[in-house]
Amino acid sequence: MATVGLSKAFGGVTALDSATVTFHHGKVNALIGPNGSGKTTFFNCVTGMIRPDAGRTTYRGRDITRKPPHRIARAGIGRSFQLCRVFPRMTVLDNLLAAVQPSSLAGQLARAGRREETERARGWLSRMGIEHLERAEARQLSWGQQKLLELAGVLMSEPELILLDEPAGGVNPALINRICDLVRELNAEGRTFLIVEHNMDLVMSLSDHVVVFDRGRPIAEGPPSVIQSDERVLGAYLGV
Amino acid sequence: MASDTHTNTDSDSASPASPFLLELDDIRAGYGRAALVLRGLTVQVPAGAIVCLVGPNGAGKSTVLKVASGLLAPRSGRVLVDGADLTGHGPQRMLAAGVAHVLQGHSVFREMTVAENVLLGGYTLRDKQLIAERVEFVRDLFPVVGERWTSLAGLLSGGQQKQVEFARSLMVKPRVVLLDEPSMGLDPKATGVVFEQIVRMRDAGTAVLLVEQNARRALEAADTGCVLDLGRVHVSGPARELLADPQLGELYLGGRPARR
Amino acid sequence: MPSTSLIFQSIVLGVLLGGLYALLAAGLTLYFGVMRVVMIAHSAFLILAAYLAWYAHRETGIDPLLTLVATVPLFFVAGVAMQRLLLTRLRPATLTMMSVLLTFSVALTIEGLLGYAFSGTQRRIRLGYSSAGFEFLGARIAAVKLIAFGMAALALLGLYVLMKHSRFGQALRATIQQREAAQLLGIDTDRIAGYGFGLGLATAAVGGTALALDTTIYPSLHWHWIGPLMAIIVVGGLGSVPGAAIAAMTLGMLQSLLQLELSTTWAQTVFYVALFATLAFRPQGFFGGRLAQRF
Amino acid sequence: MAPSPYEITVGIAILNYAVLSTSWNFVGGFTGYISLGHGAFAGLGAYGTGLLVTKAELPPFAALFVAAALVAALAVPVGYAALRVRGASFVIVSIALVLILLLVFQSWASFTGGSRGLVVPRPFPGMLRSEHHRTFYFLFAALLGVALLTWWIIDRSRFGMGLKAIREDEDKAQSLGTPIFAYKLVVFVVSATFTSLAGGLYALWFGDLDPVFQFSILSGAYMVLMALLGGVRHLYGPLLGALIVGYALEYSKVEYGDTPLHLVVAGLLLGVVVMFMPDGVIPAATALLARFRTSGETSIREVTAAELKERHGQGNGTDESEVRNSERSGSGG
Amino acid sequence: ASGCAGGSGSGDSSDDSIVIGVSLPLTGDFSEPGKGVERGYKAWAKIVNDKGGLLGRKVELKILDDQSNADRVVSDYEQLIGRDEVDLVFGPFSTRLVVPSARVAEEYGMLFVEPAGAAPEVFDQGFKNLFYAAPAVANDHYNHLADHILALPAGERPKSVAYAAMDDPFAQGTAYGLKEKLEKGGIKTVVDEVYPPNTTDFGSIAAKIADSKADMVVGGSQYQDGVNLIVALQQLDYQPKMAAFSTAPTEPEFAKAIGNKTEGILAPTGYTQKADYPSNKEFVERYTKQFGKAPEEDEANAYTTGQVVAAAVEAADCASQDPECQSKLIDWLRGNEVETVVGPLKWDDKGRPQSAHMIQQWIDGEIQIVLPEAQKEADLVHPKPAW
């Protein structure tokens, strides 16, 4: 996936300033940067939740700029939200079933939750270790369980590219390890990741490629080891 | 481990003039009709100390703070502030008694400006001079607060909102402060500022009850640690000792993720 | 083509009418923008106030304006009670939708009780000065209409000052947006939210009395008012008191002018046309804040 | 004894309510958009049918379906405008729709008959009145059957799952690939069509149309009340609500006929439902039953981190990392 | 229709009395006149029963409330006829409610005499069972006034007229009846406004009328809208030479409602307490005793309805739902004249009564009959003094 000159301003605030970045297919990419540097806005522009003022986004060579969000999702890009979002009054299982997107009209009217679908959903739940919660309503889960559920929902829709916005925020460290393992596993299965995170340990250990944002534009990119010693990054972000 | 309710700090035998600024004694609490969240939990915070609560998601950490600040009335047990029994009093009374609480997650007033948010932090203050001083202080501490002074708080990024929230809480100088994951979503620089302020508060004699998922970092700053699980205190003791315990590390604190 | 004097007369009438609309819409916008409550019962309370003024006048002969001394505090208390007893118990997640239904049920109840007490007959206060009027630049202004306008303007001004420039206003908005956080800052949220609601209802008391001076009232009249008022607050931008006032004046005037060429019924459609146009081109309203579209 | 014509008319009234509230529930139940103005579509269906019969001289039942098709077509732009806005604005738009149509049908007297109303000729001219009622009783029942069936099909379909996701969180649903706007619009049109069919059938049965009654907010409010009372998430919720409300209205009319207290009854009923059982009778009853059956403190899970680790370690633990990570216990309560 | 035993057997509810079903708008928009009609019916039943009943049987009224709602009125008559099996029915109030209920009655083959459906469309529906129990249909209410105006010398005749009518079949019918005749006589229409029944603000309409400076203003009004319109006209200081309003000016509250500025206002009426028809004296006297005040037009029309039905029942010597009996009643009314409190009534084949309304005018603070010549109590004042 690549963006060229993506820009977005809100009133007087420039959230994205002609950001041109490329992320690699099949890798775990990370996006870091200080608070307010435009990371979430970048996600929102890429997934069509807000319209960029200028610039283009391409995904595997195809232009997806200004497509409505559901089209982009169907093109294979799934995302999670910074403040995790699940369907609060649906059961955990239904949360996953709702992520299945039929393409044909007959598919729309077909019964939801057929055997193989349910099996697949259960599979994801057990990989997340929350299979026993299948019948609970999502709002009853704690913060961390909701994070796992959201991730499972994203995976259920079978995206090739997965955008995660602060997957570790507010999550117990022991659980963070689990998420890391999962990302690695899935990456090994061939999925591409783009992760926004402030937890440096996680970013450095997990990612293959790191992009650093500051004030809406990339200031550095490269493998974690390089980034860690980049002076601009140290100044702008790590505050050293 | 039911009986494992524990006094954390030095003296187990509280003298009549309690050495603890905040004391939660054998608290049982829950939401609405639902089952209990806290099942007989005791936490004590002395003046000039940081007590850090860690534990899995859903263990009841936030609930402890809500009970302490009067947002949630316990079903049984006592809440003591400086020895005075304030069980069942609302947040206003608790605030008057010097207990301030910073909520977990996003609690800025989204449709008010950053300025209004910060000024509301000093709602209970009457002294104009004092307010002005504090505003100056927090604007220096968090540049974003000054830069976005007149924009609506709801339009800030997630981390910026957290910064505004923390700044808002610095407007008053309480005797006991309850912090619920103050570093969540903050970049390393802001996290540093926040921990620095927490330590300063302690040094100024404020009692701090801190909840953090950034457990290792928090325990490094804290004097005492409490591990919560399933609404009970699982283990408690000097923070350094907890950090060193390998079993706790595995279960609750998370090891450093292995490098690839 | 209507004569210029007629046009001028219509403009005068439009301004007078718009003033009243502005006051009533301001009350609605208060609950709505500040508290996320769609108060369908606002106009029912309006009619209730009008009935109280009418009834007091009929029974004792006192001037309806004097009833304000009683109705304003009464409505304020009723508002506080309604907020404390009913609205606080709704789930925050579904507050907006459920408040529509809850206040709808209040409106029905008020209408039913009014009908029970006073029957469905149309009523009108008989004042010595009902038909008095004076000349103003060639147009005639009825005394009662001017009084109503004056009341509306005063109440509106007071409301604006209170909301913008008092600690109460800020605390109210904070309460609505993040109740727990507001509590933790030492704000007595229950009391504040109750006061906010009471304030809204107090405007209904003023508006209702003003309304009773010069029109007929009957229990189901509130349906007639709710549509235009809702349209006004959407056009003005949900939650913006000045926006509601401007929209009210504009639409009131337009309605009055359109009546020159169209029948009264068709002229009323101007509110709905404006509503749909607003939603099509500027869903957040023409004067509302930037966050308004999220309602 | 065979039911008297009067009893059949009460039955028809209740069936009509049931069809209307079930139709309403396509939008209200699936997407959570509360339309207080659904009476407008019933009124349009009724007037459409009536006008097509009288002005265009279509056969009655052809007119019914043509009118429904026209209403469906009209629902597209209306839905387009209304569904762009969420929450409160949507409610306002829906109310405005009724009020504007009331004004139009009142003012445009040359076409609609205005306040004088419109008389729709009987579809079966020679039929005895009691026969007429009986026939329509079955027609309404059939329509209700079709509406329920449609609701059921949608409810269990993936389409329905998408709609429910929209009810919970539109942005999230969209990011998962649900075309939210199209979904909402489709279901809105379906709902309008059924509502219009109910209105049209009513026009053929009843014969006299008056804008004040056809375009009344009250009728929309009754639909909401009935659906909410029964439970919007259940197939039979609106039907149950219609039975209760229809009976209550008839009862209050018979008992307190000469006062406007029926409004108070409806108002209080709505208030009680909203305050105390916003999910409706069916879930409230199930919850009550459940409380009797299971006792006291249950939570989703009550295991500590250590126990959990244990379980995962020996259970379906996948690899070494699984052991390490354990995971925080579920909700403690 | 349900076949009960004809002849002596009545409904099964009360063995020997004649049960008469009525649905009236006791609540809702038409509740006020609805209650007037109710009083008229009750007065009638009491007077009849005091005299020993009809055909030697007591009459008993069964009155339901239709909430001014067409749905209800139909189900009410359905209930009365189909379930309660009443022997006879009387009509409800208001044109809007008369048409649907007349249809129910017709489909059950019942005689339907009604006190309130004066608008022309009532009689265009082809009902064979319907009779209007009042002197004239709405469009004929102003006939005497129209004749009078057109007979005035050209100099005195108003040259322009402003009409404002409520969008209601009855009210509009009165104004348009006059309009049609005056226009035919060459008198110009300068304003023609129609307002919906729930209008409360008459400022704009009054402004238009005042601005037109019409010589005459005609209001096709019910009660309150007429009052409002007059007050609004007075606020604008509009002084026509002639002002006529239907319904409102004849109401007892009228003078007080507009602050006693009533001079010269004209109104048609179908009933006066002073009329010296034989049954009227008895009616006024007994009604006043029963209710403590004199009857108005609504009450009188209801009473008339009772009188008409009673006359038919006595003539046909039967009172039951039996189709044969009902058609006897209908046939008798088709061919005969009935003496009532509003004078002798006769109907054409559509059920339209064949008399005319009187015209009254407020003179010296009192409303007096001025037209037609034969019945007048005072001379018509023209031009009208300022109000």
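Per-chain numbering from 1; labels A, B, C, D and E assigned in written order.
We adopt the following convention: a residue touches a chain if its C-beta (ideal position, glycine included) is under 8 Å from a C-beta of that chain, and two chains touch if they have at least 3 such contacts.
All values reported here derive from a predicted model rather than from experimental measurement.
Trainee: How many hops, at fewest, get you from subunit A to subunit E via touching chains?
Mentor: Each step joins two touching chains, and the minimum needed here is 2.
Trainee: For subunit E, which other chain has the most distant CA centre?
Mentor: Result for the farthest chain: B.
Trainee: Farthest from subunit D in C-alpha centre terms, which chain would that be?
Mentor: When every chain centre is compared against subunit D, the largest gap points to B.
Trainee: When contacts are scored as defined above, which chain pair ends up with more C-beta pairs, C-D or C-E?
Mentor: Output for the comparison: C-D.
Trainee: CA centre of subunit A versus CA centre of subunit D: separation in Å?
Mentor: 37
Trainee: Subunit B to subunit C: how many Å between their CA centres?
Mentor: Inter-chain centre distance comes to 44 Å.
Trainee: Between subunit D and subunit E, what is the separation of their C-alpha centroids in Å?
Mentor: The answer is 42 Å.
Trainee: Compute the distance, rounded to whole Å, between the mean C-alpha positions of subunit A and subunit C.
Mentor: 47
Trainee: Which subunit E residues touch at least two other chains?
Mentor: 27-28, 167, 196
Trainee: Out of subunit B, which residues touch more than one other chain, so two or more?
Mentor: Answer for subunit B, listing residues that touch two or more other chains: 55-58, 155, 250-252, 255.
Trainee: If you look at subunit D, which of its residues touch at least two other chains?
Mentor: Where subunit D meets two or more other chains at a single residue, that happens at 106-107, 259-260, 262, 305, 324, 326-328, 330-331.
Trainee: For subunit B, which residues count as touching subunit A in their complex?
Mentor: Counting only subunit B, the residues touching subunit A are 55-58, 104-106, 144, 148, 151, 155-160, 162-163, 181, 184-192, 213-216, 250-260.
Trainee: Using the touch definition up top, name the residues of subunit C that touch subunit D in the complex.
Mentor: Residue positions touching the partner: 32, 36, 38, 86, 89-91, 94, 96-98, 100-102, 104-116, 120, 219, 223, 226-227, 230-231, 233-234, 238, 263, 265-266, 268-269, 271-272, 275-276, 279-280, 283, 293-295.
Trainee: Over in the complex, which subunit B residues touch subunit C? Could you list them?
Mentor: The touching residues are 69, 71, 90-92, 95-96, 100-103, 107-112, 116, 119-121, 123-124, 152, 154-155, 168.
Trainee: For a test of understanding, state which residues of subunit E touch subunit C in their complex under the given definition.
Mentor: 27-32, 35, 68, 167, 193-196, 198-201, 203-205, 207-208, 210-211, 223-225, 227-228, 231-232, 234-237, 256-259, 261
Trainee: Show me the residue ranges of subunit A that touch subunit B in the complex, using the header's touch definition.
Mentor: Residues in contact with subunit B: 10-11, 13, 33-37, 39-41, 82-83, 141-145, 166, 169-177, 180, 184, 198, 200-202, 204-206, 237-239.
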